Structures are given as structure tokens and as C-alpha cells.
Amino acid sequence: MKEVYFYATCLVDLFFPDAGMAGIELLEAAGVRVIFPQGQTCCGQPAFNCGYWEEAREVARTQVALFPKDIPVILPSGSCAGMMKNHYPELFHGQADEAQVRAFSSRVFELTQFLVNELDVKLTDLGEPVKVTWHSSCHAVRDLGLVGEPKQLIAQLANVELAPLTREHECCGFGGTFSVRQPEISGAMSCDKAADAEATGASVVLSTDGGCLLNVNGTLEAKKSPLRVQHIAEFLWERTRAR
Amino acid sequence: MSDARTAILGRLRASGQTGPLPDLDTAVLERKQWPATERAALLRKGMEAVHTEFLEATPADWPAVVRACCDREGFKNLLFGPTSEAGSALAAAWAPGGTHLMPYDRPVEAFKDELFTGVDAGFTGTVGGIAETGGLLLMPGPAEPRLMSLVPPIHIALLRSSTIQDTFWSAVKHLGWGRALPPNALLISGPSKTADIEQTLAYGVHGPKRLIVVLVDDLY
Amino acid sequence: MHADTEIKFRDSAAKALLDPQLRANFRRAMDGLIFKRKAQFPNPRDLEDLRDLSTAIRSRSLLNLPALLEQFETQATKNGIQVHWAETCDQANELILGILRSKGAKTLVKGKSMVSEEMHLNAFLEEHGIEALESDLGEYIIQLDGETPSHIIMPAIHKNKNQIARQFSQKIKDAKYTEDVDELTAMARKVLRQKFLDADAGLSGVNFAVAETGTLCLVENEGNGRMSTHVPPIHIAVMGLEKVVATLEDVAPLYAILTRSATGQAVSTYFNLITAPRGAGEKDGPQEMHLVILDNGRSRIYADPQLQATLRCIRCGACMNHCPVYTRVGGHAYEAVYPGPIGKILTPQTEGVGVRHDLIHGSSLCGACGEVCPVKIPIPEILVRLRREATHEDVGSQVNGKGTGRTATEDWAWRLWALANKRPALYRVITWFATRFGNALPAGAPLIKDWTRTRTKPVPARRSLSERVRAKGVPHV
């Protein structure tokens, strides 16, 4: 039986456990044994992006140590997967444990990419007809080239119609510490994203990343909009699990 | 300021930024090729999209085509280079009366005001064209001074279809411009234009308001 | 010219965000440019190959920079161009003033040049009694209002037609009020033609300098660049020292990607290759040509292998056109000569990472800039590097003002963050408290206060995922 590790990421752990559970269920439903190492915290991206690399490295090192087996590490986040896959090698450049970290990085996968490209999952839609829209996370697209996979999964759902955003690839304004260092600009971007989503007529916005979820949902809620962003894993699991 | 020179070059050298030079893969440029017979149409499409006008001509009748154009437009004069190949051929065929052929045969200082205010159109040859994007290649110089294609409100350019190259890159190679360039060489793809006011295109902001290409089909 | 105190991008951006007209002007313009660029690259493979080639050409040029500069200088000098070098903007300004004074020149007509903006040349010359007139239509428009460019390619992009119509009717002699773009353009043409005719000297920037032939390449649509460089008796060009490339063949792909990336044009109206002043037998063109090569911090940037990529820039402006921050706040909010993503990495390097700490953090690191940059400058990575440089003093780094953006508060915050995240037990306690009492955090608490300006407060889930998988019995080894 195929085995994988699951890395929740701090945002999913604390704010979106349902998305994390759904990710695990989707993997298990595809016949994979999922291991969830306790003690996992944060990938280190916030400190890394702010230039505090020593601190980021200390944290990253403790994370890498939790995933010793040579099996894939699956993340329900494009941004954190991008950090672990592409930026860890940079962060550990010239460090004694660089080789070990690089080996770890090569095992990192974002959830939907793993479901499509490695497991080739086939989904059966059991839900009511619904119109959704897709918000692509910047890091998922630009760090991981995650463009087609989530849409391929959505396309497998017979009753789901996908209405594109006008500016699908534009940042929602989260940007980690950006959202509090530049709250005005960040807020303007989030409001535009929320308006774009509302204009699609979709009843749910799907995304891969906790940061975008937190940000756009907070904005939609503040606008008193009935629309919400849902993590794609949660959506897929809700529509395909047998009831 | 040779001090500055020494200091700057010294700093650049001291930083020791050398290393293996990346390879240049020019396949993307080489892919852009068209049969000679298709290049003129492609060039025309590109240039017409930016408001260039075209007149068709043969190797024999192009001076008459230029003349007819001048008569039609009612130009009182046409600035030309009397010693250039195109200019001298035009002059040889020019019947008296109508549009006056005005030679650019003295330093600009001698008639700057007239050049700016009293010339209706300028006529130049070209040394080639660019099929991919549309564009004319000019080599201004003693025979056809630089301002002929810039200052008069209308520029008439003679282009022979056999001189059209695939791309600017292939033209540079073909014309040997990499090794030696004249004091001024020029690519022109249309009349002068701007989009500086609210992204709205306007033609003739500083240079010619119209560009008329006399396209000579000399491929057969 | 710049203040030593930290300039607050956040404040000026916040102000810009309150101007609906400005936001609409930028959004419309940027949307148009994004669309037009995209249309120029129908084939993704061609785009990527051309980006790779352009990146390689710029990298090669930089690796050979000192030798290419010398080769260029030798060749240009042979062609009759007088080459000058300036370490600083002050030196460059003095050089130009010296040239103009030695000829008794009183008026200078300018083609578009961002380096001259960097030097604040116009103000300097005016102080010394020389009129410096911008002739690019966009530059002319902003000069009339005493403004600076809000975009490196389209300097007046922040203004709309009505604003320009009003301005022309007030500031141009005998001008009537009209919103017709052709008429407005004709008005400017009339004024500027006379200026070209009368100017004692012309000034231009340089898009590419060719080492092999000593040629200056100028890209433009209007013809004012040709006017400025060919009509007045003296032509002075200014360029950053990074502009040189080996051969004209190298220029061809850079030119191809420049116009497509910048304005979505396959080709510009004019591509002007100037190799020499008026030659034997020539009847026009400047009698005298000068080129000022400016350093202004570039050689320092050059010394760093990662930051050197900054110098690959061909100033196409695509990074700003695609930037979600720039699109919303416009160019002036940056209070820097070069706005947008390229400005965010260039300005802190020339002015100091501490002084322009605000710019380094004015990015969500979304990566749109790096994605479109024709020479693949990793702008987000460089931003992160500069954030690091601003707060740390690495041995060997030459970054201007390194370590000067450090604050005790931020240091402590990250130390605590690391402490919490590398001790699972501690992390577990924190998340336990957050899930149980996170909702009780006051909305006015720091960070939360800023977050909740436009959003509701984030509420932790009632049980963390770690707790739930434990309860469910998901294996942990």
C-alpha cells in the first residue's frame, strides 16, 4: 500500500481543520495510507519572507526531521508546498544538512497535483448542481506551476459548473505579513477580489490556500456577502464521499 | 572625468563577476521564416495595422506612381535626395510642372525653417524591409539626409519586395550591420504616433503624419 | 534629492487609494496593456524561448561588462562620440552643464530618458539658467504641471483626457479647450516643433549600446527622440552603465521582446541606430555628440551575484503593468524615480535598504512581476533578499545601508515565533489556547486592528487539525 505523509500547514491546522481532514480523506479514499506526524507546526515561510532566515531555518529544520521516511509529503497549500519544495534548498544553501533538506524538498507535493499527477484519481459527483469559481493562489501558480490540476478535478464533477473570475491570476492581497504591514493596499486588493468573485454568480469560491481563504472570507464576511471561499479539498470531499 | 572612469571600471573589475557565459539559443529567431513571395504581404499587414499606406508599383513604373500620388495629393513640393539611387531615378523621370522636386542638397542650416514649414512631403529609398513585424530599413546619409524621413508631414518611401527580410535579426545579419553601421540607420514601421493621452492612438505627433510606401514588386 | 528619513509608502499609497479617478485611470490603462502584451505572445513557447534568449544575452553582457564598456568606448570614440563617465548624478549633471556652457547653449530639448529623471537633470539645469524641455508627449504633459513620471514608459498615464484638456487650455498660449485627442496632440506638435527648431542642444536616453560598433539604439513611437537627436547641433545622450551589449545581433531579440512586453507592440514606430555625429558629406545630424555613462550605485549592485540580475532590466515596464499594487496606487505613491516592482528592488539598492524599507515591504510577493519580466529578473526573490539585508548585517554583503532597517520589536517577534514553532509542546499549548479563546482577542489588538479594517477577525477553529487527527486515529508514524 502506498504511504504518504500529510503536512497540514499552520493555517489549516488552526483555521481550516475541515480542509485538512478532507485532504486526508481524499488520499485515503484513493487507497493511500496517510501518516500525520504530530508535532508539525509551520513551514517557516513568514520568517523567510521577512528576511529572518535563521529563525526560518530553525523551524524548518524541526519540520524536516518529522518526515524521515522516503515517501511523499502532501500539503493542502500551494504556498507552503512552494516554500518547502523551492525555497528550502535556497534557505539551506551551504548548511551542513543541505543534502538532507534537498532530499526532503524533492518529496514535497501540493495536494491537488498529487491527486491528479501521481494518483490519477477519478471522482464521482454525488452533489446537487452548483456553480463555483476558482481563485488561484499566486504561489501555487508561480512557484509550483499549479494551473490545470484543480480544474481537472473540478471538471470531473458532473454537476459542477466553473465560472471563471475576470482576474483569476491576480493576487487576493493576502501576502502574509503584507496584509498587516500594508493593510490599505491589501484591503483594496481583497475587496476587488471579493467583488470579482461575487460578479461570477458562483455560490462558492474554491482555492488551494489557507491564506487566501482567510483573507477573502474575512472580506466577504465584512461586506455581508453570502459568498464564501472553501478549500478545494473540502469541496471535493463533500461532493464525492458516500453518505 | 577619467578619474570616474578608472574608479567605475576598477569597481566593476574588482567585483570579479566573471564566469561561464550562458549559451545563446537563437532557434526562436530562426523559426521565423517565410518564402520570399509571402514577405511583402506580411510586411504590408503589419504596417497597415499602424496606418501605413501602400501603393503598388513595378520596377518600371514606380516613378510614375510616385508622381501620380503627388498630383493626387496636390503637393506643391517633394523633398528628395538628388544623388541617391532612388532620388536620381525619380528625377530622371520627373516631367516639369505640378509638384516641384526639391533637392536636399545643402546643409540643413541653410534652409532649416523652410524644411520645417515649407515642405509638403519627403521621398526616400530604403535598404530593406521586415516581414515579421512590418517595417522599413533606411540608411540616411549624404545622399538621403536624416531629416528627410522625419520633418516633412508626409514620408514617401520606395521599397523593393526583393529586399524584404524575415526579421529584424535576419536583416541585421544580411545587411552586415553587426560589423559596421553607417552614422545613422533606422527602422520605421509607420507614421509617428503616440498613445500618451489616455491610451488613445494619435498619429503625427512629432514626425510624419502619413507614411506612404511605394512597394515595387521585383521578385519575378 | 531624496529625504534621509524613511518615506512611508504605506501613507502615500493609502492616500492614492482614496482617489477613485486615479484608480480608474490606472486600472483601465493597465488592463489594456496586459491585454495587448498577451496578444503579442500567442505562442507560449515562443515567449519562453525569447525570454530565455533575452535573459542569456543580458546575463552575458553583464558578465562581460567592463570589457564591453571599454570596447564600446573605444569604438564610439573612433566614431566621433565623446564619452564621459560619472560616478554620481551630481557628476553627470555637472558634466552636462559643462558641455552646454562651453557651447553657450541656453535651451535643451529632451527625448525621453529615465536616467535623466534619476539625475533630476531638469531641475539642475533650470537652476543654472538653462531651459530643459521635455518633448515626449507624456513627459511634456507632466512637465507642464511640474510632476514626475508615474510610469517609466507612459509617464502621464495617471492623467485622463479631461485633465489634460484643462491643463493645455490653461498652460499653452492661445490654446482652446478641447477633449479631442488628435487636436490635443496637434497643439503639442505645434509648440514642440518650434522648440526642436530653436533648441541649442538635444538630449536622449539610450535603450541599448552596442559595443562592437559603438552604436546607441533608441526605441520610440513619436519621433521626438529622432528630433532631439538629429535636429539640434549638439546631441547629448545619457545612459546607465549596464546598457551595453556585445553586438547588434544581440540587440534584435531584446528589441523584439521590449516593445512587446512594454506596450504590446510587435515593433515600435522608430528604432533609431545612432553611430556617429554628422559625418563627411552629411547635410544634417548633430555636429557634436556626447555620451555620459552613469554609475550611481550600479557598480555596487553589480558586485553581488544575486542582485546583479537587477541590472538585466531593459525598462519595459511590464512588471508595473502587471503589478496588483502598482495598478491600485499608481506610480507617484512610490516617491521614487522608478516605480513599481523594478523600483522596489532598484531604489532601496541605490538609496539604501533602511531608508526605503517601506518599499521592500510594499509587496505581497505574488510574483506577477517575475512571471512577465522579459529578462527573468527574480523580483520577489530579490525583495526577500533585500528584506533580509535591511535587517541583518551579513559579512561580505555590499548592500547599501544593510542592517539599518532593523527594529527590536521585529527581532523579538521573530524570535518568539521561532521559539513557538520549533517546540511542538509549546505550539500545542498555543494552538490549544487559540482554538479555545482565540475569538476573545480584542479587535483593537495590534495586527488585528490593521487586518480588520476591511475584513472580519479571523476565528480559529474549535479544534485544531492535529487534535482531530489524533482523535480520529490517523497514524502518526
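Order of writing sets the labels: A, B and C. Residues in every chain begin at 1.
We take it that a contact is a pair of C-beta atoms (placed from the backbone, for glycine too) under 8 Å apart; a residue touches a chain by one contact, two chains touch by 3 or more.
Here the structure is a predicted model, which means the values were calculated and not measured.
Asker: Have a look at B-C versus A-C and report the one with more C-beta pairs in contact.
Answerer: B-C
Asker: Taking mean CA positions as centres, which chain lies farthest from subunit B?
Answerer: Most remote chain from subunit B, centroid-wise, comes out as A.
Asker: Determine the chain that sits nearest the middle of the structure, using the mean of its CA atoms as its centre.
Answerer: Taking the mean of C-alpha atoms per chain, the most central one is C.
Asker: Just the number, please: Cα centre separation of subunit A and subunit B in whole Å.
Answerer: 54
Asker: Roughly how far is subunit B from subunit C, going centre to centre by Cα mean, in whole Å?
Answerer: The answer is 30 Å.
Asker: Can you name the residues of subunit C that touch subunit B in the complex?
Answerer: 25, 28-29, 32, 46, 49-50, 52-53, 55-57, 59-60, 62-66, 69-70, 79, 84-87, 91, 95, 135-138, 141, 154-157, 159-161, 164, 181-182, 184-186, 188-189, 192-193, 196-197, 210, 212-213, 215, 221-224, 226-227, 230-231, 241, 247-253, 255-256, 263, 266-285, 293, 295, 299-300, 302-303, 305, 308
Asker: Enumerate the contact residues on subunit B facing subunit C in the complex.
Answerer: Within the complex, subunit B contacts subunit C at residues 1-2, 4-5, 7-9, 11-15, 17-19, 21-29, 31, 46, 50, 104-108, 112-113, 116, 130, 132-135, 141-142, 145-147, 150-151, 167-169, 172-173, 177-200, 202, 204-208.
Asker: If we count contacts the way the header does, which residues on subunit A are in touch with subunit C in the complex?
Answerer: Against subunit C, subunit A makes touches at 6, 8, 10, 12-18, 20-21, 24, 33-42, 44, 46-53, 55-56, 58-59, 61-62, 90, 138-139, 141-143, 169-171, 173-192, 214-215, 218-219, 221-222.
Asker: Considering only the defined contacts, which subunit C positions touch subunit A in the complex?
Answerer: Residues 9-10, 13-14, 17, 324-325, 328-329, 361-368, 370-371, 381, 384-392, 410, 414-415, 417-418, 420-422, 424, 427, 431, 434-435, 438, 447, 450-461, 463-470, 472, 474-477.
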